[in-house]
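Pasting the structures in now, so scroll down.
Two complexes come next, and they have one chain in common, chain A, joined by chain B in the first and chain C in the second.
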Partner chain A sequence: MFEVVAFYLFAALTIVMFVITVTSKNALYAMSSLAAGMIFISAFFFLLDADFLGVVQIIVYSGAVMALYAFAMMFMDTTKEVKENNPPKKIVFFLSGMIALLLVLILLTPIISDKVKALYPMSDEIGNTEAVGIVLFTKYLVPFEVAAIMLLVAMIAGIILASKRMDESITLKIDQEIEQKGAE
Partner chain B sequence: MITLTHYLVLSAILFSIALVGVLRRKNLLMLFFATEIALNAINIAFAAISKYYGDLTGQMFAFFVIAIAASEVAVGLGLLIIWYKRRGTIDLDSLQTMHG
Partner chain C sequence: METAFIIETIVKILVVLGLFSALAGFATYVERKVLAFMQRRLGPMHVGPYGILQVLADGIKLFTKEDFIPQGAVRPIFMIAPVITAATAFIAMAAIPMFPEFTIGGYTVRPIISDMNVGLLFVLGVMGIGLYGPLLAGMASGNKWSLLGAARTAIQFLSYEVVTGLSVLAPVMIVGSLSLIDFNNYQAGGVGNWLVWKQPIAFILFLIAGFAETNRTPFDLLEHEAEVISGYATEYSGMRWGLFFIGEYANMFTIGFLVSLIFLGGFNDLWFIPGAIAILLKVFFFIFLFIWARASWPHVRPDQLMWLCWKVLMPIAVVNVVITGIVMMFF
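Here is the complex of A and B:
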């Protein structure tokens, strides 16, 4: 009973928050509702016995990612309206709904065939966090290290793109000056 | 009783919302938000399948999806800031520099 109530409550909250994110004209409202939606999504992870994933969701999304967005919005004038010359709404809703349905069907086809076996079964003896640690540092060690290198590369790229040599180079110069420098 | 289908339908609804956002909005920041929503919708599906098949692989994939989302935001926002400094706008239509 508790699970049913929690599922429908958080499903409704998440959908409302993300609809606000997608439809809001103001970027600040959109970001706030996105952060709220991320926290509500972590509730699903707790309901699904994926405790560690829920904690990571809260820390990474509402901690790191939202802070990044907030910093990025300080660089821009987000109060300025972006012109939205939208196509007729019905067609977009219909097409995106159908595409999403198609994607779900394509991805679910192998699972429906009931040939799925648990590769790394969960056990009741140890907690979720321990089980995640055991699988992550044995079977998924190489992808884990590759993900670490990818995050390092992304961090360096973010620092260089956003901050390095703000007074010259690619950031403040107009196109002609950059082309002149390239011709020299 | 909540079954796997409930979670998958929820995931599909959230993914549809994200898809509508990607298709409709002209603000580049909104496209990033919509991408985050899409990745989160997929994460719910991964975690639900992981639970109902008693397999941890789904959760592992969700972790890697979160890592990819974090790096995507870092690089994407850096590029977005440069674009804003050069053009003074984050309108998607301003990216069309090659049209004839």
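Here is the complex of A and C:
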């Protein structure tokens, strides 16, 4: 009973939030509803007893959307509406609609066919943090390590891009020096 | 799903909400009094004996003040931002075991709203969402000072969440669980079993990051009066501002409970002191520490804040995790 109510409530909330994200012209509305939608999604993980994934969803996406906010803050006035300059294209609508339909069909397979079973079902003996760890370090070890290397590459690239003049401190500099730099 | 469970949960939620809202108000009085004592002033004295009713007066003032929304603000976001801060602060408390189990009339009460096995992560994650409050407030206000406050929110909270996560990782490795009840039970054997002796560095790092995450001096750059007027809260008045305030104080209590549970033995009995009182004493000590630090330390500069986080605290936290891992592997 509670599960059903919660499911439909959060399903409706998630869809509404993401619709606002897509349709709104105000960057602040779009990002806030994106963040809210991401957090509402975590409710489904909690409903499925996957507490760990639910919390990870909250932590990862709140941080990730946060970075988007930072960019929006730097690039535009978020209290004003953004003038979008690309007319809607039918082919884009058609393709994205089809992809959405395909995803729904894929997720429906366990209902249609009995032969689709969970490879690593939840068990009561081990907590779901441990369960995630076991799957991650046995079956998915290689993708996990590859992802780690990719993140390392991205991090090093980021450091190199950002650190060109890191040894100079802007705040400790005298104003004159900054003006000189500006004049050059 | 029995009716008893539902009623119990609702009662617990109401108790936590009411108690900590009231405590937040009371904490402002304590803060003013302690600060006054440390600065050789009297603090609030006029309303009631020793100014104790000042809290009530402040409450009436906040509730009756005009709820003002500036013209240039983005209305819905501006209105919802303080609610996010207060709500997340209280939602985070859902997974904190506040006291040991006790029995009323043959009915055993567990003073935790939702006992999930990833309690620690949940509390930290939901507290992390709390940063959307100041961020959205600052961005929706249509005010440059607010925007600066929002920018500072983004960098400060995101940076210090890294330190919180990494510093708490070492105790998690030792205990082998993310449940705060397991943390408490691990330290059941008395003062010698407290995790603070095994993880003193993690304890200090977590506490420092806690100051930054609750936006307390010396890390209260978000609303640094001398630099950005009142930061993200510049345009707020009345109860919307009050919600930010309640959120901040509720977060202080959450950090107090977390530090007590993770490092200082939680709600286990301490010598002759029963567990429930022991944890209250610990939490109130940390509230006092927050105020004490506010009275003793000046604000830091934003660049000093980032330097401290990324060049000092984060490397120490990583080294601490690595050393803990090595020690656990061989001993």
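Following the convention adopted for this analysis, the second predicted complex is superposed on the first by the 106 of 184 C-alpha atoms of A that agree within 3 Å, B and C clash if a C-alpha of one lies under 4 Å from a C-alpha of the other, contacts with A are read in each partner's own complex, and residues count from 1 in each chain.
In the analysis below, contacts are C-beta pairs under 8 Å (C-beta built on N, C-alpha and C of every residue); 3 or more make two chains touch, one makes a residue touch a chain.
Bear in mind that the values here come from a model prediction, so they are computed numbers and not experimental data.
When the shared chain is aligned, chain C comes close enough to touch A:Phe2, but chain B does not. When both complexes are overlaid on chain A, the residue A:Met73 reaches chain B and chain C alike.
Touch criterion not met for A:Ala12: it reaches neither chain B nor chain C.
In the superposed model, A:Ile126 makes contact with neither chain B nor chain C. Looking at the superposed arrangement, the partner reaching more residues of chain A, out of chain B and chain C, is B. In the superposed model, A:Leu28 lies in contact with chain C only, and not with chain B.
Shared-chain residue A:Ile39: touches chain C; no touch with chain B.
On chain A, the patch touched by chain B and the patch touched by chain C overlap at residues 52, 56, 69, 72-73, 78, 170-171. Taken together, the chain A residues at the contact with chain B in this complex read 3-4, 7, 11, 14-15, 18-19, 21-22, 27, 30-31, 34, 37-38, 41, 44-45, 47-50, 52-53, 56-57, 60-61, 64-65, 68-69, 71-73, 75-76, 78, 80, 82-86, 89, 92-93, 95-97, 99-101, 103-104, 108, 111, 116, 118-122, 131-132, 135-136, 140, 143, 147, 150-151, 153-155, 157-162, 170-172, 174-175. Put simply, chain C touches chain A in their complex at residues 1, 72-74, 76-77, 116-118, 121-122, 124-126, 128-129, 131-132, 135-136, 139-140, 142, 147, 150-151, 154-155, 158, 161, 177-178, 301, 303.
Within the complex formed with chain C, the chain A residues making contact are 1-2, 26, 28-29, 32, 35, 39, 51-52, 55-56, 58-59, 62-63, 66-67, 69-70, 72-73, 78-79, 127-129, 169-171.
Those residues of chain B lying in contact with chain A across their complex are 1-2, 6-8, 10-21, 23-27, 29-30, 32-34, 36-37, 40, 43-44, 47-51, 53-57, 59-60, 62-64, 66-75, 77-82, 84-86, 89-91, 93.
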